[in-house]
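Labels run A, B, C and D following the written order; every chain starts at residue 1.
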Amino acid sequence: MLDAKLVSKSHSAHQTVVRLSEQVAIGGQDVVVIGGPCAVESLAQMEQVAATLSTSSVHALRGGVYKPRTSPYSFQGLGVEGLKVLAEVRDRYHLPVITEVMSIAQIEPVAAYADMLQIGSRNMQNFELLKALGTVHKPILLKRGLSATIEEFVMAAEYVMAHGNPNVVLCERGIRSFDNYTRNVLDLGAVVALRQITHLPVIVDPSHAAGKRELIPDLARAAIACGADGLIIECHPVPDQSVSDARQALSLEDMVDLVSSLQPVAAAVGRRLVKQEVGEALIAA
Amino acid sequence: MLDAKLVSKSHSAHQTVVRLSEQVAIGGQDVVVIGGPCAVESLAQMEQVAATLSTSSVHALRGGVYKPRTSPYSFQGLGVEGLKVLAEVRDRYHLPVITEVMSIAQIEPVAAYADMLQIGSRNMQNFELLKALGTVHKPILLKRGLSATIEEFVMAAEYVMAHGNPNVVLCERGIRSFDNYTRNVLDLGAVVALRQITHLPVIVDPSHAAGKRELIPDLARAAIACGADGLIIECHPVPDQSVSDARQALSLEDMVDLVSSLQPVAAAVGRRLVKQEVGEALIAA
Amino acid sequence: MLDAKLVSKSHSAHQTVVRLSEQVAIGGQDVVVIGGPCAVESLAQMEQVAATLSTSSVHALRGGVYKPRTSPYSFQGLGVEGLKVLAEVRDRYHLPVITEVMSIAQIEPVAAYADMLQIGSRNMQNFELLKALGTVHKPILLKRGLSATIEEFVMAAEYVMAHGNPNVVLCERGIRSFDNYTRNVLDLGAVVALRQITHLPVIVDPSHAAGKRELIPDLARAAIACGADGLIIECHPVPDQSVSDARQALSLEDMVDLVSSLQPVAAAVGRRLVKQEVGEALIAA
Amino acid sequence: MLDAKLVSKSHSAHQTVVRLSEQVAIGGQDVVVIGGPCAVESLAQMEQVAATLSTSSVHALRGGVYKPRTSPYSFQGLGVEGLKVLAEVRDRYHLPVITEVMSIAQIEPVAAYADMLQIGSRNMQNFELLKALGTVHKPILLKRGLSATIEEFVMAAEYVMAHGNPNVVLCERGIRSFDNYTRNVLDLGAVVALRQITHLPVIVDPSHAAGKRELIPDLARAAIACGADGLIIECHPVPDQSVSDARQALSLEDMVDLVSSLQPVAAAVGRRLVKQEVGEALIAA
C-alpha cells in the first residue's frame, strides 16, 4: 500500500481520535456505540429511539434521510425534513447524530444539521464525493464498499484526507460472498488489519453484515473483542414496521440489553464502554 | 425482479436500439465495436488511435478524461482539455466518442462534447448520478458494478429510465472473484441473462475483465458468440506507455487484427460486423 | 506457477490429444461434444439419449452412477448397475462413455466399464484420489473446483500426471460468486488462460455453470468461440423428470439443435465440429 | 435446510458435547484450545510444543501427518511415523491429539493413534470419506470447505451422523474472498448461525483464516466472544522454519500469551477457559 500516506501508521505516531461532540469521541479508550433506525421515518419514531437509547450506553444516533435504494420505486428518504428531525432529537437528548450523504449537493444541508457525515458502501469509490468531503469541517464515517479490498478502503480514506479532512472513521459492514444465509460476511480480519495499518478509528456495523437480527449481538461482542473502536447498530421501536431493512433491526429493548452485554467484553480487552457523562470526564482527562 | 419495469422485456415488445450518431447504433443486427485508450493523454495520441481504427470496423472511440483512480495521487485525467481532444478527433474521423462522467457537475461539459456518457463500475449505484443522467439527452453506457448482481445492474438502468432517459446500453466488464490470475471474471452468463430479461442492448468489455492483453481476443470472440451487441476494448499506440491499465491495452495493430477476426464469429450467430459506411446504409434500410 | 512442470506448455512442445476411443479424441482440431443426463436412471433412459444423440455430432456420453449429493438422503446413483447400463449403451451406439469416480474404491469398477473417468468439482483437491488416478490406464476428465484458482486447478492435473497418467482433460464448469441468478459463473477467461499455460485439452461444462437451461446454448457457443476443445452438456429425455439437476437439463431435441448451431462457430475460429465417422478419418490423417 | 435432520437443533434438545479424552470435551461450558504445528516434523519438535503448551490452558495438540498440499512436489507429511510421534507425545503430556485423514485407507492407522480425526477443507464434500468416518468410533473435526455454504457445511456433518457417528465438531476456518490481504475471510457470522442451527460444537481456526500471525490473537478473542466452543491455532517452536504455513504460525511464547488473554473474554460471555486438571473436575461435576 505504497500510496497510503496520510492514513498509514507510519505517517502519524498517535492514534487518531475523532470527536463527534464535546462528550463523544471515537478512537480513544472508550468504545462508542451508535444506534438508530435504518431510515428516519418521523419525529415520533426518533423521539422514541432517543428516549430509550439515551438511558443506556449509546453515544450517538443514526438515521438515514437520503437512502440509497436498489429500486427507484423504493422509499428514498425524508430529505431535509428528516434532517430537521435529527437535529431536534439531537438537541433534546444531547446525542450527536450521523446520517448519509449521497451526492455533493447534499453535503451542505447535511453538514448544517448532522454531527458526522456518512459515506455509504455504494459510494466508497465515488471519488468526486470523497474529494468534496475533504473540504468539510465535520467528521466522516466511511463505510467499506460491498467488495472493496482493504487497500481500496484505505485509499478511499486517503482521498478524504488528501483533500483536507483528517477526521475519518472507517466502518467495516460486511462483504459480499457466495453464501446468502447471512446478508454479507462480517470481515473482522479486516478490522484487525486496518487497526494495524492505519491510525484511524475503526468501527463495525454488524447489522448490515448479518442481515438477521438474531445474529447481531454475538457479532457485536466479537467486534469489540477484536479491537473495534465502536459499533453502529440498527434498531427500531417496532422492527417489523421499519420501512427498510426490517429483518435486521433490533427492538429498542434488545438494543439496550446488547449494549449492557458489551461492557464486560470491552473490559476483557482493556477498553471501556460507559455512559456519555462518565465518558466526557474521562476523555477530557 | 418485480421492480424492473421499464427495462424488462415485458415492458417493451421490441429490442431497444441506441443511436450514437447517424451512422452508428447499438442493439440492431450489426455488432458495434468501440475502441480507444484507457485515458485521453494528448491530441497526438488520439489522432493516432483514430487514424488507425477508422480504417477497420471500429465504430466509436473511447477515452477517459475524468478517471476514477484508487489512489488520489494517480493521474486523474485531462478534464475539459481531454473533452476537446475527443471532440476534435470525432469531427475529423466521424467516429462518435464515449467518455465517463463521475459526478453531476461533469455531466454538462461531457454532454456538450461526447456522444455517449459512461457510468463507470464504481458509480453503478451512485443513485444521484443515475437520476441526473435520466434527464440528459445523450445515450448512457452503464457498466456493471464490481460485484453487482444482475438484479442490481438492471435496477440501476431502471433508475436512468425512470428519470426520463430511455437510451441505456448495459456493459458487462467482469466481476470480482477469489482468483487474481485475471483482473476480474468475465460473466458471459450475465450477458445471456440480461438479453433475456431486458430489451436494452448489452455490450462487453473484455479488457477490464481480463486485465491481460493476451486473453482479450478470445474473450472478445466469445462475447460476440454469446449474443453481445458490441464490444468496448482498450488499445493504445504504445501500450506499455499507457498512463493507466497498460497491461490490458492492445496495440493498434492487434486491435485491427482482432476486429477482423470477429466478423466470421458474428456471422456464425446471425449478426454482422461491418465498417461504418456499410453499416449506415443497412441501419437506414 | 513454478511447480507446474508436466502440465505446462514449456514442458511439452505439442498440444496433448487425449483419446477416448478409436474414433474420438479431445485436443485436436475437432471440437468434441459430450452429452447425457446428470444421472444414469435406467437402461431405457440411456438408450433414448444415445439413440437421439448418435444421430447428431455428439461424440461421447456422460451419465453419473456415483453421485456427489449435498444431502445424504438424496439419490446417490445406481452404482455398478449403472456402469453396466453405460457399457451396454456404449457398445450398441459406439459412443465412448464418461462417468465420475468419488473414491479410490470406485476406480476399479469404473475403469472396467467406462472410457474416461471424471473427477468432480468437490474432489478436485482430493489428493489421494488424484494420486490413485495417476496409475490408471484410462483418460481423466478433471473438473475445476467450486472456487479453485487457476493455479490450484493446474496443480491438481499435475498430481495426476506426476503419478503417471498423462491423459488429462481440464473442464471449466463455473465458479462460485455472489450472484445466485446463475448457479455459478462460467469463467471463460480461465479457459483462455489454461490453453495458454498448459498443453492439456480444455473443455467447458455450461450446464453446471448456468444452472438454467435457457442460458446454455449461448454459453456453449461462447465456449467454442474462445477456443475450448469441447463441451460437456446435460440433456435428458424428459428434463423435468430428471432425478437431479432438472432445471439445467436440455431436452434431446434442444441438444441436437444446439450441436448443429455450434458448427459455424467452430468454423469461425478455425476448428471443426463433425460427426464421429468423419472425425475418425481426419484424426487419423 | 430441510434435509438437516440429525444435526439440527430441532432433532436434539441438548447441546452435544464431544469428548476427546477423560479430561477434555468440546461443547460444554469450558472453552477448549487446540494448538500445534501445521505438520509434525519430528519428535523433538512435538516434544517442545507439548512441553510448552501443557503449562498453559491448551487442551489438545494438533499436527498434520498426511498433508493436503496444492503441489505434488511439496512435503506430503511423515505418515505413520508422524502418527507414532503424536501418540508418544500424547502419552507423555496427557494431551489428546488431532490429525487429518485424507482418504479412507488412512482412517484405520489414524484412528489407531489419534483421539480425533480431522476432515480438511478440501475434503469437506468428499462424501465417500464422510460416509466412512460415520462408522468410526472416534470424534470427527469437520472443517468448512473453502467456499462451502452454511447449508453445505451442515449437510456434510449430516453425512457423518447419518452413517453412525454422532461426535462431530464443526470448524470455521475462513472462506475465500476477493481480497488477498488475508488468506481467507473468517466468517464469524457462520459460527453464530451454526450454533443457532445445530446442536454440535463449533470451533474456530483463526490461523488459516488470517494467514498472517499478527492478526491471529485479535481474531481468536473475537471467536470466543461470539460464542465459539473452542479454537484450533497453529504454533511452532521456530515459526519461520515451519515446513508449511510458516507465515501464520505463532511462536510458542506468543501462543501461551494468547491463551492467557482469552480467559477474561470467555468470562465476559459466560464461558470458562481453564487448565485441563481444573476442567476435568468441572466437566465431571
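General remarks:
Note that in this section contacts are C-beta pairs under 8 Å (C-beta built on N, C-alpha and C of every residue); 3 or more make two chains touch, one makes a residue touch a chain.
Please read all numbers here as calculations on a predicted model, not as lab measurements.
Among the pairs B-C and A-C, the greater number of C-beta contacts is found at B-C. Rounded to whole angstrom units, the spacing between the C-alpha centres of chain B and chain C is 34.
Chain geometry summary: the mean Cα position of chain A and that of chain C are 49 Å apart. Taken residue by residue, chain B touches two or more other chains at 147, 151, 176-178, whereas all remaining positions touch fewer.
Contact topology of the protein chains: fully connected, every pair of chains touching.
Those residues of chain B whose C-beta lies close enough to touch chain D in the complex are 147, 176-178, 180.
Taken together, the chain B residues at the contact with chain A in this complex read 3, 5, 68-74, 102-106, 122-123, 125-129, 131, 145-147, 151-152, 155, 158-159, 162-163, 176. The touching residues of chain C, counted against chain B in their complex, run 147, 149-151, 174-175, 177-179, 181-182, 185-193, 196, 209-210, 214-215, 218-219, 221-227, 264-265, 267-269.
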